[in-house]
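In the part that follows, the structures are each spelled out as structure tokens.
You will see two complexes here that share chain A, one where it goes with chain B and one where it goes with chain C.
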Partner chain A sequence: MAFSVVKGAGYVLVHTPDMIIHNGTTQTSERIVNPESEYLKKLPEHLRSFEEVVSYPPNQTYIGNITPGDLSEYKMPWYDKKIDDAGRFGKFGEIMPQDEFIGLLKIVDVFDLVKLNNEITKVAKEKLENHPLITDEMVAKLKEGDEMEDINKAINELHAEPIYNNNKIVGCVKRAHEIDINLNAHTIFENLVVKASGVLAMLNLINKNDINPEDIGYVIECSEEACGDMNQRGGGNFAKSIAEVAGCVNATGSDTRGFCAAPTHALIEASALVQAGVYENVVIVAGGATAKLGMNGKDHVKKEMPVLEDVLGGFAVLVSKNDGVNPVLRTDLVGRHTVGTGSSPQAVITALITAPLDKGDLKITDIDKYSVEMQNPDITKPAGAGDVPTSNYKMIAALGVKRKELDRKELPNFVKEHGMPGWAPTQGHIPSGIPYAGFAREAMAKGEISRAMIVGKGSLFLGRMTNLFDGVSIVLEKNSGKVDEGKGVSEAEVKGLVAEAMKEFASHLLGN
Partner chain B sequence: MGRYDGKKVIIIGDRDGIPGPAIEECLKSTEAEVVFSSTECFV
Partner chain C sequence: MDLENQQRVKDLTEKHGAENIVVLLGAAEGEAAGLAAETVTAGDPTFAGPLAGVQLGLRVFHVVEPEFKDEVDAEVYDEQIGMMEMVLDVDEIIEEMTDIRDEFCKFND
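Right after this comes the complex of A and B.
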């Protein structure tokens, strides 16, 4: 069987301090129920600068400048640590500041819904002209700025959503329909943010891995927003809209949804499509969620910490046919939480971790690194949600002990050796399994590890259609270097061989 | 008499810990009455 491979990965963060205040649901909800709250008053004092966000060790890990192993050397909490000489550009991607991103929102808007004033247009234009991945053609879409009078009128009279920078209104996102709630300004704002951050991730994937965008045949977008109108709320399709901006002229695509589990679902789908020979190159991509900005902000402010959920996340991963070099996606070792699995931790871990291992006759310790819910514990622990990756590793290890593949005494060591500290922002789908794909590819190329498991879990119950949650997993394995085309011999080839043999036999007879 | 017998129980489970239905299952062997059960996502 010719397994597909992970050929490259791109990871981006976007620092959006004003969007925490004005677009994060913790803050927008607080403004409705308790507009005079102490939290809302104190929040602006707890926002970090772009430089602080860039030098924050988990963020440098996300864009590939330090490894998860390097991050584990830093003693927690991490928010008071910084990486000296940290850059906004990294091996896997970049961290974009808010003013540039506001410009990018306008660039990706093809319905003239984003209006920016002259000041932010000028700033964004100057900065994006120097951005290595934003072309002149893209910058030209910024055009000239709009008058504040028009922007204020759109906000005050036509229900447009304001865009803030440094706590000042610098533009707005207009509604795309007068009565359709699925095209109102709020939804269009969220969707354009997903599109723009997805585009940035795609551009970084293409650039950092020397990929020709014209070679990409299919794109699967796997974030948690939905685009559509009143007749088809989640009709789609972010995937093709991102492919269009990134110059993937030969690609079509579709959106896959599954809450935080969607990226792993998408990875499995991509690997199957490539392995089956339907497409040679499939990209899975996702942008970030403004709604989740400052989600745990109340606890961070209460504990006198900076509000750490101040970045949007994005990623893109290229899955291609086996090149004999990059790590293979073992589609024969896939785990899944089914309708009948049940919800006990033992049942969940069995379905996601040991069931696929059993198919390959592997032990829990045969996987060098498990990439689970890689949420940054610096964010979750002060909010009382604990250290999510470590909890997952402990459950995996406990099952290992139960299966007698691990001694009880080795449990803490298992967490250290087969686990990693979480480094991804709590952007739902962003931390779920996928942040390690880039590092896994590197570690396998260097021979540091042989196998990794990507695990994604999703809280389906939040959509109120089922009480179930979900999860899927897939094993990533070092490439053996042998490329099995997996074609076998076709009927036509057999007929040809038989005809050839008979012809030769006949010539012998004639000759004799 | 068990610890939970005759008690009304509110369950808030954690997706990455012990989900609500799993806690409910554990209480089935008691006389407790589950009046509310949900699973929350804290991330």
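Right after this comes the complex of A and C.
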């Protein structure tokens, strides 16, 4: 069967400064434990403007306006650097401001749970009417605004979650049930945010890659939220709800969960479904998490820097049947951390990196770029969590040294040549492997690289069901142009078979 | 150090006595190792967890320090930690850990 290909990718960020303060768990926890804290008082002074967020080099990388290579030319820290004439729209997607996103929250809400006042409704309507991807039909769903009196009543008496813009209440998300915590206003807020940002990523994928949404047969959503009610907490299905808004009338779908590893799990699942011929076009999609906004805010404020976790992330990737052009997903070179793998970093890197390479008789240097946890080090370093991608590259290189594929003194060079700086926001699943899919597709089209490995890792122990860690990986390879690739017997296999037959023949001759 | 681990260290110390406890760390950075070491000796520096203001003064080592490395089977060590030892800034971690122990550890052995 022919390998499937990565046919397109869309990436979006949403600037949500008020949601940092009111919905990020670092801040909501602080408000419960220490409501008078200095941190909460200082936080508003450390928020960035939309223009600052747009011109921030890692964000411009995320939406594809500059490459990871370009980003590495900027000396860290990056928060005091900016890209001149940076735009909110990019080659892969866009950066959306909060007011438009609040409008989008209402547009994707089909149960009349979002109430917005007249003022924000007017602003969102005007801006979204001019948005290239938001249709008139979608804008019409904003209807007329609600009265503040009703919104305040819902918040004060009916446990609705307020929606803030510029530090003012402009609306609310109502609870969807009186006693069910799975449908309370907090949960519905988070779920609508992940749905709306997932929709935005899907719309960008479709638009930037000239895809007909009606051609999409299946959608796999792979964020870290759960929707359902008290009888089925994680029943789903974000995937289908996103497909519905994006006009994928011929699609169904399902949600795949696996903490930060889920996008790579989803990518492998999608590639298998397409390769097996079940569906021709499968989209993997995920929106962002309000809970993680400002996660490391305390450290950022302490270090007198802006709170950099001020955006929600989203992405969507289309996996299609082999077109002879786009990079193929090598389902025969998949790595996985199994139950029996063990938890030492060495065991993990072996399972995820070298085990799949061994299957293809490849060395670690045969992969041009490794896409690991591409977390932006500008965010993590000041918080004491180090430079995550670089640590991963060092571990891969160190394993190469142990396998004698690399000399120890080549280690720093390996990190530079086969690695990349992290550019994705620390939204769990968002930085995990997947941010490079779009760039890999471009770099392979230009002939700059031949192979990349997408690696996803997840901390399952956070769910308290197992102490195990998890991860999967898959190799992405430049398309050879032969559409029947992988079908039947490959050239290498034929050569191998011929060689074996010759050897056997020779041994007969010698024996005689 | 996360709040749950602080509670575990506290409970185990109460049960077995501080003199019978050794804390082993695997943090990837000197600073993070130092913070965890400080938590189990001088108390939680962030004043957020169960060890806030609790000075346990426990023996604490990072797994790349010779005090630990020399005690275990070299083959197992190489298999489990050898790769990370190559990656981590071992000197920085040892320096940070030694400073914390010198200042806060109650056991001078």
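We take it that the second predicted complex is superposed on the first by the 483 of 512 C-alpha atoms of A that agree within 3 Å, B and C clash if a C-alpha of one lies under 4 Å from a C-alpha of the other, contacts with A are read in each partner's own complex, and residues count from 1 in each chain.
We adopt the following convention: a contact is a pair of C-beta atoms (placed from the backbone, for glycine too) under 8 Å apart; a residue touches a chain by one contact, two chains touch by 3 or more.
All figures in this text were calculated on a predicted structure; none of them were measured in a lab.
When the two complexes are overlaid on their common chain A, residue A:391 makes contact with chain B and with chain C alike.
Using the contact criterion defined above for the overlaid structures, shared-chain residue A:426 touches chain B, although it does not reach chain C.
Touch criterion met: A:349 reaches chain C, while chain B stays clear of it.
By the touch criterion defined above, A:399 reaches chain C but does not reach chain B. In the superposed model, A:507 makes contact with neither chain B nor chain C.
When chain A is checked against chain B and against chain C, the one touching more of its residues turns out to be B. In the superposed model, A:118 lies in contact with neither chain B nor chain C.
After overlaying the two complexes on the shared chain, residue contacts for A:252 are found with neither chain B nor chain C. Legend: residue contacts after superposition of the two complexes on their common chain; A:469 is shown touching chain B, with no touch to chain C.
Taken together, the two structures place residues 344-345, 384-386, 391 of chain A in contact with chain B in one case and with chain C in the other. Put simply, chain A touches chain B in their complex at residues 260, 342-345, 373, 375, 380, 383-386, 388, 391-392, 426, 428, 431, 457, 459, 461-462, 467, 469. Contact residues on chain A toward chain C in their complex (touch as defined above): 33, 344-347, 349, 384-386, 391, 394-395, 398-399, 401-402, 408, 411. Contacts from chain C toward chain A in the complex involve residues 28-29, 31-32, 35, 48, 79-84, 86-87. Contact residues of chain B toward chain A in the complex are 15-22, 25, 38-39, 41-43.
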